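For reference, the structure is listed below as structure tokens.
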Amino acid sequence: MGSTFGQLFRITTFGESHGGGVGVVIEGCPPRIEISDSEIQRELDRRRPGQSKITTQRQEEDRCEILSGVFEGKTLGTPIGILVRNKDARPEDYAAMAKTFRPSHADFTYEAKYGIRNWQGGGRASARETIGRVAAGAVARKILQTLYPKIDIVAYVAQIHELKAKIDRSKVKFGDADTNIVRCPDKAAAKRMISLIERTRADGDSLGGIVECLVRNAPPGLGEPVFDKLEADLAKAMLSLPATKGFEIGSGFSATRMRGSEHNDAFEMRGGKIRTSSNYSGGVQGGISNGEEIYFRVGFKPTATIAREQKTVTASREQTKLAARGRHDPCVLPRAVPMVEAMTALVLCDHALRQRAINISQK
Amino acid sequence: MGSTFGQLFRITTFGESHGGGVGVVIEGCPPRIEISDSEIQRELDRRRPGQSKITTQRQEEDRCEILSGVFEGKTLGTPIGILVRNKDARPEDYAAMAKTFRPSHADFTYEAKYGIRNWQGGGRASARETIGRVAAGAVARKILQTLYPKIDIVAYVAQIHELKAKIDRSKVKFGDADTNIVRCPDKAAAKRMISLIERTRADGDSLGGIVECLVRNAPPGLGEPVFDKLEADLAKAMLSLPATKGFEIGSGFSATRMRGSEHNDAFEMRGGKIRTSSNYSGGVQGGISNGEEIYFRVGFKPTATIAREQKTVTASREQTKLAARGRHDPCVLPRAVPMVEAMTALVLCDHALRQRAINISQK
Amino acid sequence: MGSTFGQLFRITTFGESHGGGVGVVIEGCPPRIEISDSEIQRELDRRRPGQSKITTQRQEEDRCEILSGVFEGKTLGTPIGILVRNKDARPEDYAAMAKTFRPSHADFTYEAKYGIRNWQGGGRASARETIGRVAAGAVARKILQTLYPKIDIVAYVAQIHELKAKIDRSKVKFGDADTNIVRCPDKAAAKRMISLIERTRADGDSLGGIVECLVRNAPPGLGEPVFDKLEADLAKAMLSLPATKGFEIGSGFSATRMRGSEHNDAFEMRGGKIRTSSNYSGGVQGGISNGEEIYFRVGFKPTATIAREQKTVTASREQTKLAARGRHDPCVLPRAVPMVEAMTALVLCDHALRQRAINISQK
Amino acid sequence: MGSTFGQLFRITTFGESHGGGVGVVIEGCPPRIEISDSEIQRELDRRRPGQSKITTQRQEEDRCEILSGVFEGKTLGTPIGILVRNKDARPEDYAAMAKTFRPSHADFTYEAKYGIRNWQGGGRASARETIGRVAAGAVARKILQTLYPKIDIVAYVAQIHELKAKIDRSKVKFGDADTNIVRCPDKAAAKRMISLIERTRADGDSLGGIVECLVRNAPPGLGEPVFDKLEADLAKAMLSLPATKGFEIGSGFSATRMRGSEHNDAFEMRGGKIRTSSNYSGGVQGGISNGEEIYFRVGFKPTATIAREQKTVTASREQTKLAARGRHDPCVLPRAVPMVEAMTALVLCDHALRQRAINISQK
């Protein structure tokens, strides 16, 4: 069950980094939504390896095939199966991994849990698994746009290591992040980030950072207390992405150092609507969206795979050393941006359908 | 479905702050676990209002009744129903709330979502709802102790506003937090925190802070990639608690400013076991526990209810002002400690049973 | 999880025949549905013991208390907790059962599964558990009537032992069954059935029979292929009721002896709508309702509890004999009628909400 | 969600009869189970079209590809993706169906529900969808055999139209059914059945019948009251198969005409075990297996597709006539046998894992 996400708009991803391929089955997709291969492919291209000099050089076309659930360009209401074949597999690169646990990877824990693992690459723990999420996210976005034509989901890199971007949240538009390869809308910071990533890679090391995500024009009323609060489902969604270590919404951890009189978002009438003067809540109160901008931040650790030699142990419990060969991302942040957007779309889409189901007096 | 948590060990809470009562139904509890009212009551007493001078003075005995699922002191394997009656209800204190949305509370969003709300107190959004979680958490802890006799779940207050406790994580024991009313194991810091909370309450204001939680002696192998990773389910569990704004595990957001060569946890042999030299991972790798200490932090905002006058609007969309009457917590942190422990126990128990289910060769 | 039913409109029942009480938590109930204690009580009164001379003489008032989720006569959208206390418990009647397995009861299997059981009465396997279902069914019916004002769910006894009622399905109305204590709309047959039940009870024996159920004016489009087909969920619902052995929809088992040319329901235009000329399908095609009358039959075995002496074994594996003391139903059929209706309402309500969720172009 | 089945061993099928292909994703499969393509293929070959003169002549090789979750011949514990390409698609055969609703097919109801359908063949309602179930059933059987080496699941045709086989249930072995093309272990009856099917096909008509299924050596303790009773989940599983109209377990509908004193299964000691003298219960009591043989019967209607001309209406609501062209099964029973076995294996496997999860004292 761990590979299924969502209650009503529900996805199940499958696939290891090596083997037949990776993909997703989407259940609960409303019928008659227009969707094309190219709309899904566009998002996959934003996450694929080899897209720039600062990502891994593993070359994968990541071409998607819709197996079912779409007919003449429209969803049927039946499960949508999407498959991406694995291509650029070089299992020989991974031979050493068969017997050695890479530090801060999932090799040891998969072995501990399952007593077996596909050691050719990351297996199920590979970031390739996120292909299914990103493909499904593209479908979710189409549904959200059908329901709320003005909704906007925008993620971007806000920080790499110590380099913090200066970003006026109210001005960032979808597409701004994609104007540079690090996906940071602050162009000056982006330049420094790219340079830092290149230097770090040359140094055989890796970097972490922060992705920020905004949702504008989501309606009030999304989120299902008490456990499926909107922020709770977003937190789960984000912490389920590889390499994430933290999540904060609205004021986040800075709220812990504020007083109620500062932090409370006063209500006021604005434009004929009930609005809040400030937005420390991050667009969610009591687990339900209030119509304000939803914004949150996700912390990513530095990539575990590094070229430097590290101490570790083998499956036969002997001390050894390991240096990564081959290709890897020195920093996952640029490719994480479409993943964060996809997971956000999945959460919102699920809650949008759930809200429709109970709101029977609006029929 | 938003009031159900867990896959195999699954709880459903019910109840508003005013009305017949609050409670929980626990499904999937293994049979023949010894459990008594008093074990559940002990945890409820740790969360109940009126327990000290720095909590709300609402007096609720919060006496639990086990309605089903337990026979002669042992679980039957059938659903365990637990009920706590609402007693100290003074709906007249809340008359103003019928028509006015309290800032940073859930009044407006419940109205927006459901088109109706129980305005007598917090209704479903009240912290009283957590009674069901804490009661179920006590049961979960018993199951975990049956499976892993040495397991230890310890939460405590690590920070109130700017006051940070100095805590040697490796030395905190269960019970240390309960030696003072703010539930902070650093006694010197605790004193200052209590004093700050008292002054802030006198000032008509409120405070936020951080609860830290440790799990020791959890076995390797808990967590279900790719969505039900252990940290993902913990993040959801914590962000589903009232007033939470952030979650970080292990190195958390500080990981974003580290390099891979610093952050990676080298494997080594220690005491005949595969262990890690450092523990930036926080006991979880690839979404699965690795046998090291699991630790994470949860950020709480300052209590939304404050005595100071605040601007807001009425349900009929008129500007007004509001000052809280009556009783409330100036800082939720002390009472949040048993809630964090309970949610942690629920997550671990669910994953422990899930791991048993698939691990069929160990039968 | 075995005590939860439904995906979107989801109920969890709890309780044993002896102990604090039995009840239900209803999740996913739309807000602003008018519901009163008396509407629920009316259905509970139809299922309660002691209601007539042909049911068990156990006296239970079965008075329900709504604990949560309803405010000023309307649903809040939050979980609805309903509790019925156990009253007329005479555990001494059951002392023998502590050590002896009653034939064709669940004593042995509960022991085999859980290694423990509440032997005071039927425990969890008691028909008292259906109280929660019937209470929730009353709520489901209200929701269905809100969505489809003309919908009608009518169950009745169609057969007791060899006595078959003559019933013109098209003429049975809700209420007809309740004009006599055996709940059979064929008054002549009802008389013979009552007399047979009385004679059988006097003879220390028990009887089975068939309940038939009709749903009129359900809309086309309910049911979720391929697993949650409407008939599949109805079958599960019915076979989850105590004492059921079979389910058939529409033509049922008689279809097995028909040819396609006889069995196919031709489409025709009637009253401006697409209708079928015959209705062997029973109102469901491909797992989805087609707007025709849904009808199905449920087979109940004779009550397992009989006054006659029977051979059995003890928990310590010794051969023994057992004759039921005390009070029991000589035939469960009359009290099964409201149970069948309740389960039908639960299934339809769940599917109605599920259909709303995906039907986004009708917003 | 309607395409997902099972709680712990959970399958999601996808695919229409025309388009990329059909398949399944299996979640919750324990790791280290040996499984090969050929074991899955063997079951698919039993259900594939064109396998004999009495099945449809549509030629599909139905060659399966395992996309994920299996490594070096063993399951990984990760989702198992299985794909079967659609090959022998002749959409031109179906052009008429684009606008006409075939009687007793799902064309009209899919249109009513989704407002769109893949009219090239049966679409999602095609029996091709069961490929995913049969493939998953093969995996489930392997798991069951790992847990209970002596378990046996045997289905066979017990009746075609009026022709009833004479079968001594205690003597039927797995494989007996496959000795003839109608899959009936009574060889004399099989001959008559085959002849009847051939004559009926020549006559442009179709036939229904009954499949019976036995499970031997299932352990006591499987089934989760009160809703997920073993018979309830079996009933749902069977009624989710195309063309099914009824389900009965053990004594089934014949129980309705019996007295308790006849029907009760007395307990006795036999071979050192607690056994029942008779087995009207069908191996399940109170929703839990009791260790006796589980047996049940499934009624199938005559195939809806017939060569004879039938009255129907078009999507534009005009009266028309329709005669099936092309290839179809005159009787689904022979191919239904592996489907019934597969669904049975899925139900039992799910319950076996669920029972393991709660049975923690047996660790």
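Letters A, B, C and D name the chains as they come in the text, with residue numbers starting at 1 for each one.
Everything below uses one rule, namely that a contact is a pair of C-beta atoms (placed from the backbone, for glycine too) under 8 Å apart; a residue touches a chain by one contact, two chains touch by 3 or more.
This is a predicted model, so every value here is computed, not measured.
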Pair joined by more contacting C-beta pairs (B-D or A-B): A-B
Centroid-based (C-alpha) most distant chain relative to chain D: B
Approximate Å spacing (C-alpha centroids) for the pair chain B, chain D: 45
CA centroid of chain A to CA centroid of chain D, Å: 39
Distance from chain B to chain A - Cα centre to Cα centre, in angstrom: 26
For chain D, residues that touch 2 or more chains besides their own: 1-4, 7-8, 13, 28, 31-32, 77-78, 113, 115, 124, 225, 354, 361
Chain A to chain B touching residues, read off their complex: 1-5, 7, 13, 101, 103-106, 108-110, 112-113, 115, 124-125, 129, 159, 161-162, 200, 204-210, 220-229, 231-240, 242, 244-253, 255-269, 274, 276-277, 280-282, 284-291, 299-306, 308, 310-313, 317-319, 354-355, 361
Chain C partner contacts - residues on chain B that touch it in the complex: 1-4, 7-8, 10, 12-16, 19-23, 25, 27-28, 31-32, 65-69, 71, 74-81, 83, 113-118, 123-124
Footprint of chain C on chain A - complex, ascending: 8, 28-32, 77-78, 143, 146-147, 225, 353-354, 356-363
